[in-house]
Every structure is written in C-alpha cells, then in structure tokens.
Amino acid sequence: MTRAFLALVLRDLRLAARVGGSGAMGLVFFLMLVAVVPFALGPDLNLLARIGPALLWFSAVLATLIGLDRLFQTDVEDGAIDLILSSDTPLEVLVAAKGVAHWLTTGLPLALLAPLFGLLLALTPGAMLAVAATLVVGTPALTFIGAVGAALTASLGRGGLLLAILVMPLMVPTLIFGVSAANAATGGTIAFLTPFLILAALSLVAIVIGIFAAAAALRQSA
Amino acid sequence: MRISVEGLACRRGERLLFRDLSFSLASGEALVVTGRNGAGKSSLIAMLAGRLAPAAGAIRAEGIGEATLAEVTNHVGHKEGLKAALTAEENLAFAGAMLGRPRLSPREALARVGLARAADLPAGYLSAGQRRRVALARLFVSRRPLWLLDEPTSALDAASQVRLAEVMQGHLAEGGLIIAATHAPLGLEGTKTLSIDAHVPSVDLPGGAEGERA
Amino acid sequence: MPRLSSLWNLANPTRFLGLADRLLPWLAALAAALLAVGLYLSFFVAPPDYQQGETVRIMFIHVPAAWLGLFMYVMMSASALGTLVWRHPLADVAQKAAAPIGAAFTFVCLVTGSLWGKPMWGTWWVWDARLTSVLVLFLMYLGIMALWRAVDDPGRAARAVAVLTLVGVVNIPIIKFSVDWWSTLHQPAAVFRIDGPTIHPSMLWPLLVMALAFTVLAVALHVAGMRNEILRRRVRSLWLMEAERLDAGAETAAGAAR
Amino acid sequence: MSDPHAGFIIASYALTGLVVGGLVLRAVVEHRALRRALEQLEARGVRRRSARQETAR
C-alpha cells in the first residue's frame, strides 16, 4: 500500500519536473496576480500593505485553481486512470497520493514564495511570516477541496472553468480564516492563534472529505 | 479460477447495446469476443474490469479467495496509459506498483515483448506499435490471472502478433484466463468465441432501433 | 554574394558547434578577467557617493543587469524575426537560449534594485514607473519560458514563441507609456531617480567595465546555451531514430534475453 | 567597509553571484549530461546521417 502511494507521488513529482506541469505555471500566475492588482488599485503602498495578506491569499486561491483541472484529467486522457482504478491499493490512498504530489509542487512553493511577493506589497516582516504560515497550513485545504472538483470534471473536455465554478464556493471558509489569521498577526483585534487553529482544523477536515469525495467521484465519472 | 457471466445487459445512455449475454470461462481457457463496431465489445470489457455497471445480469468469479474480480484482472485497454515523459521502464515500474502481486521486473517484461532495448527510451519517442507492446508488457509485471484485452493486436506488425499469441498461449498453459475483444484472429488454438451481434436487441424491441444505428 | 553565403555557412548548426567549442574558453576567460577588474574598480577605486554613500556600489551590478535584461529581449526579438522570416533553425535555438538568461538578469536587476531601495527609500518596492516596467518585462520572460516548455515539437514551439516575443516588443512601449502615465497620476511628488544626479568619472568607469563584463558573460552564456540546445535536439532526434531502429533489432535482443 | 548599509551591498553581490553562478553551473552540467547522452547513443550504435557520411568519406 505504501509502495503504491510512494510510486504515485514519485511519478507525479517526476512528471512535474520533466514536463514542468501545473506547479511552475501556478507560481508564475501567482506572481502575475500579485503584480497586476496594484495596477488596478493604484501604487499606494499604505493601501497595499493593509490589504496585502488578503491579496496574497486571494491570489493563492486562484493560482491553485488553474493547476487543478489537470490533476486527474491527464490520467483519464491517456488511460493511466485504468491502472489507478484497478490497483489493489484502495483508491482513497491513491487520491491522497495525487493530492500530496500536487500540493508539494503547487501549494507548498506558493506558500514559501509568498513572503517574497509580500515585498512588492510592502508587507511588514511579521505579516509576511503570518501569510506564509497560514498558506502552509491552508493550501492543503485548497488542494484537496479542488481535488473533488478535479475528479468530478476529470472526464469532461473543458473542465477548467467548470471546476473553478464548482469549488470556489467551497473554498470560502478557508479563505476567510486564512486571511483573518494573517491579519490578526499584523495587529488586529483578535488573537492570531484562534483563527489559525480553526484554519488548521478546516484543512484537516478538507483533506479527509476531499480524499473520500474525490475517490467516489472518480469511481463514478472516470 | 472460474468466471461466469449470466444474462448480462449493457445500457449506455439511452440505448441498449446488448442483452442476455452469458458465458463461463475456467482457468486455461480463452474467450474471443467479436462483433461489429459499436456493438459493445469495449463496454463488455469495461464491465468485466469493473469500470461499468451492468444494466442487468451478474458477473461471478470463483476461486479467487478474498480478492475482488478487479484485483485479479490485468486490463489493457485501447488507451495505453503511458506517460510520454517517462521511460518505458519507469512506466512499467509504475504499473507494477499499482497492480501489486509482482512477477517480472520491468526490464524482463519488456524483453518478453521484444523491447528490451527500449527500456531507457521515453515513451513519447516510441511508435504506436511499440507503445502498444509496452502496454502489453504490463501483463508480465503483475501476477494477475485474468487478462482483459481490448483490441490487443491493433497497431502490431505480423511478428509482434505471433509473439503475442505465443505469450498468451503460455499464460493459458499456466492456468490463466484471457478475454479479448478483437476484429483480427489472435492465432490461439482452442478458444471459445462469443459474437455480441447475436445479443444485440432486434429492431422491434424498445431501444433496438437506436442500437441498429450504431 | 560570397559574404552572405559564408554567413549562412556559419549559421549551419554543425559549424556553429565547432565555432562555439573554440570560442567559449576565450569568452569565458575574457568575462572572468573583465569581472575581476570591474569588481576591483567598483569596490576599491570608486568613492562612496556623497548622497547614496556606499550603497552606490549596488548600482555597479544593478545597472548592467538592467541593461542585459533589455539586451537579451532585443536579441530574442531579432532571433524571432529570423525564425518567422527565414525559418532558420539556428534562430530558434538563439531564441530559446536567450530567454532564461534574460529572465535571470532581469531578476537580478529587480532584487538588487529592491536591496538598494530599502536603505535609500525606506521601502523594498515602490510602484514606480521604471520598476514596474522591469517587473512586467520579467513576467513576459516567464510567459515565454512557459510557452517553450508547453509545446513539445521544437519547431512549432519556436514559431509560437516568436509570435509572442514580437507581440511583446510592440507592447513594451505601450506598457511603458501607460505605466508612466499611471504612476505620475498617483505617485507623490518625491520622485526618486535611479541614476542619481550626475555621474562622476570615478563612478562611470567601474560602471562601464562592469557593463562590458556582464555583456561578455551574457554572450558566453548565450553561446553555451545555444550549444546545449543544439546538442539537446541532436539527442532528441537520435533517440527518435533509435526508436525506429528498435524493431529491426528486436528479435535478436529478445532472443538474447530469453 | 563600515557603512551601515553593508548588509544590503553584500546581499546584492552575493545574490548576483548566486544567480550568475547558477547560470554557469546549469550550462556546464547540461553540457556534460548531453555529451554523456550522445556517447551513450553512440555506444548503442546510433549515429546521425551526416556523421555516418563523414566516416564513409
């Protein structure tokens, strides 16, 4: 079971390294969003610093979304899904493996690079740290919620837009607590730890629900 | 092991593809499923692989212990499931990890289909026939008795077809089972055949007219 | 026209490989020597600026990096024309090799600018017209590199990227103009200038030497990148040939394995 | 250099060195890997058409 899990994680990481999958693209998209929003808002650093954490979180949600549609779709297109579905390892374990590989190539780099992008928005060091911490804890939720949508749209030709419409509402709680935790750290009225722990709990719940729901969706649709 | 199918019917969307389909197959036997395009050969294979729910009827397997039918099935469909960026060996190693019950190493499996030298080649560089053979090599990385093959000979040249027949004969001799959907003869001796056309509902039945159109 | 034909000969990939093999050691050595002189000048000869203090030394790498970020884009655009107009394979290769180098220098320019801005302006980043244009340039590099990776077939990728690169060239003045307009509208009156009031010769020299050193370095890296790209295509086509050949050798190989 | 901003200057040069060093390293490592791949192919007996002509001459 662990062998199949590791084999799938390793294969997806290898593919990401060789083909340059959604991970690198998500990062570039993240940077572009952060760079483009100030054009709309105007170059007022005070304003940008105030909304910075929210902006980074919002960009992270969108950047996660654009990579997700290919999560299962590539496997459905080339038939590798048959192998995954006929494995003697439970499908839930394999879905978890795909999610982990996707998070390692998309969510984690996003969280680790967020402080650097925070510089563009004149965030204080404390705020950068808080955004990075909340993203590390929160992006697994985004990945696994998105995995459900990815599984549902896996066999549809143009799943990308549909996927975004399906999962964005489900990502709202994560976004709320992620941003409020990040804001709390920069001198809000509430303590940092409360929303942060709720965010962590949301992430854990999302991982569990996401794995089972995505596996069920794959059995139905793929 | 023994697999028996009774009164199987297949519905895809609104139309009934076939019905009242029954057969049974024991260890060491092969079944060739024939039929015209769209008759439902691939759907039958998908049902046996557990990827499609039958509209009626039952598929039973005996003598496989705790395992489900899907876990003793090695299925090579018309999509190869190969990743272009991975080498043939990496692709097979992944298949082996997914299927479990290890048998031959990826390199040995490639040698069985005459592609030992392709081990280090990314699958994207291979021709259609070669990719097909790499996919068929999957049959050897895992010890699974039931082989489900969908058009196994497509894109294969004559020499490869002969080799495939040898390999299948060997699998039957070891007590395996083979169910293959195909247009072309497989070159196997003593196989059962099943024509799906005989089970396609006739025109006067509801849904039959739709079925004829395919 | 004999001269044109000799130029064409040079543009033959195999000839280019030979030339690159001979040229690269010299280019590398020249770049290293110039860098050594440039670093010596910028650290020990150039005096601290009366306004910027020691931080002016960041300029000696920041300005050349900015220059190269632009230079590589111009290089890429010229190659893109070569790809689209003459369909020359070497132009494809030149295009592809230039992108990561240009992106790297643009990145250096952005970060060193940021490291200079923190002590001088008190902030890492200002949405000033100049900085923002460079950021947009960096984003365009990233997009071009993403497109290179997305298309499998090198010839097709080259033509697609060429179109994108040339659209970018047309866009750069527009971006620059709109950003200028945008930030003068909002920016407070204190407009900082990167190049300072006047450049004293004692600072001009280190700057020029460093700029030359960076340019030679970039050319060396570009030639090396082109050489690698040609080799990569060669390896790719040989693997394809090998795949074709496989069937011929299959029988004996399988026989040996049994 | 006793400047209060020495850290920024050193960081600038260090980062530039890192990036340029990375570019050089990438070029060298890639070149070695490609040469090795070509040798490996040669060992398998695969040669380019033009290369074969050259040896035939």
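Every chain is named by a letter (A, B, C and D) in the order it is written, and numbering of its residues begins at 1.
One rule holds in what follows: a residue touches a chain if its C-beta (ideal position, glycine included) is under 8 Å from a C-beta of that chain, and two chains touch if they have at least 3 such contacts.
Remember, it's a predicted structure, so these values are computed and weren't measured experimentally.
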### More contacts between chains, C-D or A-C
C-D
### Query
Roughly how far is chain A from chain C, going centre to centre by Cα mean, in whole Å?
32
### Message
I'd like to verify one number: the distance from the centre of chain B to the centre of chain D, where each centre is the average of its C-alpha atoms, in whole angstrom.
### Response
47
### Message
What's the distance between the Cα centroids of chain C and chain D, rounded to whole Å?
### Response
15
### Message
Could you work out how far the Cα centre of chain A sits from that of chain B, in whole Å?
### Response
37
### Summary
Touching two or more other chains in chain B are residues 117
### Message
By the touch rule stated above, which residues of chain A touch at least two different other chains?
### Response
19
### Query
Can you list the chain C residues in contact with two or more other chains?
239, 242
### Query
Between which chains does touch occur?
A-B, A-C, B-C, C-D
## Note on the structure
Listed in rising order, the residues of chain B that touch chain C in the complex are 108, 111-118, 121-122, 124-127, 129-130, 157, 159, 163
### Query
In their complex, what parts of chain A are in touch with chain B?
3-4, 6-8, 11, 14-15, 18-19, 75, 77-89, 94
### Message
Per the contact definition, I'd like the list of chain B residues that touch chain A in the complex.
### Response
49-51, 67, 70-71, 73-75, 77-83, 85-86, 90, 93-95, 97-101, 138
### Query
Where on chain C is chain D touching in the complex?
14, 48, 53-55, 57-58, 61-62, 65, 100-101, 104, 107-108, 111-112, 115-116, 118-119, 217, 221, 224-225, 227-228, 231-232, 234-235, 237-239, 241-242, 245
### Task
Could you pull out which chain C residues touch chain A in their complex?
114, 123-128, 132, 135-136, 139, 142-143, 146, 149-150, 179, 182-183, 186-187
